[in-house]
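In what follows, structures are represented as structure tokens.
Shared chain: chain A. Partners: chain B in the first complex, chain C in the second.
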Partner chain A sequence: MSDAVPSALAPHEAVTPSDEPIRGASLGRYLATKALGAAISLLMVVVLGFFAFRILPGDPVLSMTRGRMVTPEEIARLRREFGLDQPLVVQFGRYLADLTRGDLGTSFFYNAPVSRLIAERAGSTLLLTGTAAVISIVLGLWLGQRAAWKRNSGFDKATTGLALVFWSVPTFWLGLLLLMAFGGPLPTGGMITPGLNATGFAYVVDVARHLVLPVAAMVAVTYAQYLMTMRSSMLEEMTADYLTTARAKGLNEDGVRTKHAVPNALLPTVTIIFMTLGHLIGGAITVETVFSWPGLGYLTYQALSAPDLPLLQGTFVVFSSIVVIMNFLADLVYRVLDPRLKAA
Partner chain B sequence: MELEWRDVSIAYRIRDNDGPRSLQAVDHVTLKIPSGGTVGIAGESGCGKSTLAMSVLRLLPKTSTITGDILLDGQDVSSMSFGQLRAVRWTEASIVFQGAMNSLNPVRKIRWQIAEALELHSKGSWKDEKGRNARVDELLTLVDLPVSKAESYPHELSGGQKQRVMIAMAMACDPDVIVADEPTTALDVIVQAQVLDVLTALVRERNLTLVMISHDLSVLASTCERLVVMSEGRIIEEGPSAQVMGNPQHEHTKELAAAFPTIGDPSSRLRVGRAGVTSKPSEPDADGRAARLEVRDVTVDFSTRGSKVRAVDHVSLSCAPGEIVALVGQSGSGKTTLARTILGLQQPTSGEVFVDGKPLPRRRKALRDYRRRVQFVPQDPAASLNPKLTVYEAIAEGLRIHRVPDDERERVAEALRQAELEPPERFFGSIPQELSGGQRQRVVIAGALALRPEYLIADEPVASLDASVRGEVLALLLTLKNTLGLGALVITHDLGLAWNIADRVLVMHQGRIVESGPVEQVLLDPQHDYTKTLLRVVPAGVTRDVNRGASRADG
Partner chain C sequence: MPGTPRRRRRLTALLAAIVIGLVPVLAATPARAEDAAVLKLAAIAEIDSFNPFTTYLATPININRMQFESLVEAGKDNEPVGGFAEKWETSPDGRTWTFTIPDGRKWSDGQPATADDAAYTLTSIMTNEKLASANGSLVSNFASVQAKDPKTLVINMKAPQAGNPGLEIPIVPKHIWEKQADPSTYLDEITEPVVGSGPFQVTKYVKEQSVELKANPNFWRGPAKIGGINWVYYKNIDAAVQGLKAGEIDLVSGLTVAQFNALKNDPNIATSNGAGRRYQGLAANPGMTSIKNEPMGDGNPVLKDPVVRQAIFMAVDRNTIVDRVLGGYAKPGITEVPTVYKDYFGLPAGAQERPFDIAAANKLLDDAGYTKGSDGIRIDKATNKPIRLRLMGRNTVPEHSQMADYVKPWLKQIGVDVTVQMVAGSKVSEDSAVGKYDLYFTGWGIGPDPDFQLSINQCASRPNKDGTGMTSENGICDPEFDKLYQQQHAELDPAKRADLVKQAYQRIYDSSVLDVLYYADQLEAYRKDRWNDFQRQPSNGGPISAQNSYWGLYSASPIGSSSGNVGNTGLSTGAIAGIVIAAVVVIGGAVFLLRRRRSTDDRE
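Up next, the complex of A and B:
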């Protein structure tokens, strides 16, 4: 690094190619690297999604027809229909070709295109997990930074203690507990009251009422990770010298916390937020099953019990892709938030 | 504006193995600085100087209690309400922190950080954003920084530039008192001189009251009229700078003053430490081919994002057994890369390293053998010792890696004794945290000595140590040279260190060795412009005799 120097020293100053920061110049390169990484991960998801379900034990056609009177001819016909009689390589080729058209195959169980089944239910899952994620993240981060700022206080001990208790509780157990406690005043399953046929505002209220319990269950078991990450990252920042600089300038404690400590403490939480966001969607399986929420998780649960091979494969590919895409987004957001990454 | 401490004591509540207790950081200090006065407070780490400085704006942790009066323009800071205090902060007194460290918020632009202070104390033309922006530009110009730096983030600036930003920020609200807390520590000598120039010029032009803190007496002497020396929370000596530097009365002051030797003063040449360890300059050996470490025409290039940076540029040097060679240069001159290359940690782009005429081996086993002979002493012992390992484990690790067949316990004890940690058994079970800075560096050196090396490569071995400890560690290096015939390549930015212990000195600049030779010749009669510049910027008080040396060279 070079410095502006008095003329007497100038000939001896180290010369750097450019003294001005190169900002944004390498954005394209950064994007390309990260996008390539994400693309490779996606490709592996696609390949894994096919083969993982082919090496599973159990014949899907036999399981589907269990308990029913079927002739071997019918079974052979079903096999042919689903393409299971073809060699693995041919099946894989067809799977890839279909995938490029956005076709994830046809569900054995529902006898409908998997992509349509997923698209139909994606909305309700996004509503559930999105609401839960927003509440969980805001709650966790806010409590985390408060707890750190007043570390070892009663507030700190109570909030971290409670969060860890919820974190360690099994989701289904908490869900059942919530159902037992609030099952009367609040709806216990589904997304809308059957037969109500509400529209407009009444519809919104109805969905919201159905949301309360599953969201509560999801928030309770997830917010601890945001709280603990934020708390420890905030504790690390609290001894930083630039906070003393801020205090010396005359900022009050709230200003020091919100304008200086929090923006720095947030950085490490970004990674974990995006990582968990990806998993939240898959992690909704338990909650959706307990509360019969008509989403992707519930769909996966049903596909598992069938077992419905194309449907499982489809949800697997979708869930995994979301995780990969979320990680890619995390890299992008991190770069926006932390100026130091731009130079690296 | 006048600043006064009237019988001030500051204590911290701390908790250690003996339970909660109180630690007296400042002990009945009375000090008055008249308006426009400049005072330097010196002392080693833990002497209470920073606590005293921070108390001006009551920037002390909640665990501290202050007794006595701290008067800023007659107002007692310690009894102000928090609101009053916030109004005083930065408008009447501001602080220049160690900008090279973490004193700037890493995720905010420079403009934002300076403007924040203006916004908090907005008055006159700073009420709107346009006025504040103009003021930020004006402040950056004041410290000789281009206005475009306002749009930079701290990590995009060099250490010296960050320190200028800190000064600009401190000047933002036109304060009357400036407290500078180690403003040039961690900067190398040339940048240090530039930053001190900027600061002293501002103080002079605006008739500011300056309180400056440093562990380096010579830095203070070159900027302040008066010096105050602190030890264990008390003021032990006080007086005009020239008097304190030239004729120190207190033992501790003498030690501090002696730690930074006068280049050209024969009494500090090859003579350091309290015990006054001395050494004869090593004779240049007759048959130059004899056992020695040699670097022949080494070049190291780094390529970063397409552009190539030449860190080491066709460097040749040698170090004989029983010879201490100092490699002097600014940060970024390629010193550390050269050291890594000699240790076989960095593959040179061209050229080779030889030991006893044989090239540095590339094969694992042979390289391991080579590394046993050439050992490394890193800069910061606090960071280079594994905090979880005991002293014994840390030293024995090298013996185990090299499968030394001897009795391990005996070798560890021997190494500790050689590093003057006695009795060695007492230190076996200690963990680094329980040791002082000087003891830690001795443990690092013992770790190197345990393998009975022939050469030590020491990278800034005393840069992170206190003044008195510095002398002890340098004395140890001299002793090792005398008793074990160890050769050492000492990398440093400190010319005084070279004067203290080195036989030969090499001056490195932008990857090249620009001047080399016996210490007396290079430091007293420098030929290259860069060496002259380095000598010129060593703070006054250390270079008294150099000027004489330089004039002798002129005549």
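Up next, the complex of A and C:
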């Protein structure tokens, strides 16, 4: 299963908001409930961000100094500098105080502010995951509604089958196959050609060239979730009475599909799209590793090996908060889009 | 609205045509657009900074070897040769080292390089604890450092020292570094070309993407034959191999055996297995104690008996491991010093190596009274329990689990049951430091001078009970070893010192706490259609990159003018194929659209 543009949802699951809003509840109460839920989640993220990574095995200072010439003074200095000589409660207090100031701490490994490390890589990660997500969503939704409309046709079987095959392929393996097949005409890694010093249009073309293979790999392993969601949602709509009405009004099949069935079938995909948006920033460790993309996914992976506690905490808090916020937004948007959920 | 679907179909076809039409544009851009004479290497590991005072990671250290010379460099055969200093003298008591920096030496920015710069560098490490993080241990025996005049640098030692104190400490230009508000963060980012004395200097660093170096015109041995070096970032070695095949990069180091063998058949690529500087061993916990002689960790007490440890090591066949796990690309190990340091390699003359002999190992254990139980597992005579040991290794190092697959059945044959535990590298580091192991796979990279590696086996280098304090390599305390360590530390006669070093290593060898299994070759591959003349270190069979000095990359020369493959500005085969496909698709699409339109019109 892919870990790129991750979603907790299997492709066959029909997607609905995580917890169904209570029909008839007032908008204010609905908002308050959702906001409170999000706030509790954020609080949990903050607490978990600190304690979860301290369960990890490995003393950061020992693993950073193992196998090289260091004096005991140097080890003691590092402990002091990292604040690891303090009791856990004091460390937690300092972490909370820093967090309220928007300070995510300083990475042990890179010796740089965590917020800067994240900011430096956010752009390239979003370029990769965003491009892949847009293509994947458009492709998946388009193929999904076509497949449903021509249910059990050759087209339906072929597109669904192909999508599921790609969904099941390990990303790493697919990425390496793409590298073997297209490496050469297209770059084998990175985001820009070293030493090229391109600017303007040449720079855009250079980045686009580097983007082709990683985006292709990500799209291939992710578009199935949109396709399957859209397909099942569309199948449900196809038996609805209002389509018969539309046909009775004289609309042709394409018109019935695009004007009536698709807009309704799109509703359940809203949640999955928002969840995708929430996960964009987290990057895609596998794709970034295979194609040497300078992104956040790999940064997190790197942080785990030390373990670089501030970097782990920082990335965890930022990524999780974005997911929580996006889920909250999805709940709101869903309510706006679907009149059935509004107060009776 | 009958026109809508048709318009959409047309739009779709047009989009597809545009996308496919982009292929040749994307593919036609030259893969190598820069000047020919730039050597491109794959950088696989992380870079935190180029600050020579603080970075301890392999890639930036290798890059800094190109930028900053030490007073003394490791020569083509790892012998001490002139670097920043031309020559040196040692006082008869080994307490005073005097280095001479010749007239006319210049930094890459043209400023004179003098003893003042060296004194500034060394004093900074001694006095500023933040600047001591990478090389603090190398100056711990320094009492004072003084630039007597621009040509003369004097280092006074606290205790006599035989190992050359000028090795391994990069010297930086005082006129640049003293201006920095916080020198410990300087060169974390590259905002201007670095000033150094080595053959190449970093001019540009794009994080996680590339490091560009240009040749130093003022390098005292003469400018390099190439314009520069680029380290190109790859996050996995398989992609780097594809990059090498595609010609995007010129040299990849750290290949796996499978990759190395596969590249042998490529007509444009040469492979090189240079003797490595790292040992890989199997450590047995002899009952680790802290610096205050308190017992530490949870090692199986049966391992306190040296006979048991010896029998275990006699049941491990180093040659089979070299052949089967390393594909033959390694040298079987003896002591911790690898073959590349020929002066210190091996046991002293006349000493016996431990044989691989399972029958003899069984006899040792039989004679010592460890009888076998009904299941074939021997019983620890002290505790009356079957001998069951844990074998720990890193789950990120494939060789560890592969070796465990051999070690487990071998030890079964001598009646020792083994449970294999492959865990995170950080856990191995932490547990081994506090003696929480029975057996584990360990390894260290070894520098040209043996002093440090020996020093971490002294009684005084054992840690505190909680793992803080000193680092001990094998957790031993042997007064005889300590005496030999001190003797070699002060012995100025190289031949006598080498013998003392070997004797010290023999103490570790005979105590059976560490079985050095092999020294793995450094597996490298490079574009032989573009490059040759790489100086190896050591010159006979050493590696090309990641040397103890700059020889390999400094000596690189491009093959003829054609090598240069001055950016293949022509279109590649792939690009031409792309253009043809795009043309067919665009024309086909247009024809399709026209036909479609006509037929729809007809229907209407």
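Methods note: the second predicted complex is superposed on the first by the 307 of 344 C-alpha atoms of A that agree within 3 Å, B and C clash if a C-alpha of one lies under 4 Å from a C-alpha of the other, contacts with A are read in each partner's own complex, and residues count from 1 in each chain.
Operating definition for what follows: a residue touches a chain if its C-beta (ideal position, glycine included) is under 8 Å from a C-beta of that chain, and two chains touch if they have at least 3 such contacts.
Not measured: the values here are computed from a predicted model.
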{"item": "Contacts of A:248 with chain B and chain C, given as first, second, both or neither", "value": "first"}
{"item": "Partner chain in contact with A:208 - chain B first, chain C second, else both or neither", "value": "second"}
{"item": "Chain A: partner with more touched residues, chain B or chain C", "value": "C"}
{"item": "Which superposed partner A:260 touches (first chain B, second chain C, both, neither)", "value": "first"}
{"item": "First (chain B), second (chain C), both or neither touched by A:26", "value": "first"}
{"item": "Touching partner for A:173 - first (chain B), second (chain C), both, neither", "value": "neither"}
{"item": "Which superposed partner A:51 touches (first chain B, second chain C, both, neither)", "value": "neither"}
{"item": "Overlapping contact positions on chain A, where the chain C interface meets the chain B interface", "value": "252"}
{"item": "Residue ranges of chain A in contact with chain C within the complex", "value": "56-60, 62-63, 65-79, 109-112, 120-121, 176, 179-180, 182-196, 202, 205-206, 208-209, 212, 252, 254-255, 258, 288-294, 298, 302, 305-307"}
{"item": "Residues of chain B touching chain A in the complex", "value": "57, 59, 82, 86-91, 94-95, 97-98, 101-109, 116-117, 120-121, 144-146, 148, 152-153, 155-161, 169, 190-191, 194, 197, 305, 307, 330, 332-333, 509-510, 529-530, 533, 537"}
{"item": "Complex interface listing, chain A residues touching chain B", "value": "1-6, 8-9, 11-15, 17, 20-21, 23, 26, 240-242, 244-252, 259-260, 263-264, 267, 337-340, 343"}
{"item": "Chain A partner contacts - residues on chain C that touch it in the complex", "value": "1-2, 4-5, 8, 22, 25-27, 29, 31, 33-35, 38, 40, 46, 48-49, 54, 56, 129, 132-133, 135-138, 140, 185, 188, 206-210, 212, 230, 232-236, 238-240, 242-243, 245-248, 396, 423-427, 429-430, 433, 443-445, 452, 467-471, 572-575, 578"}
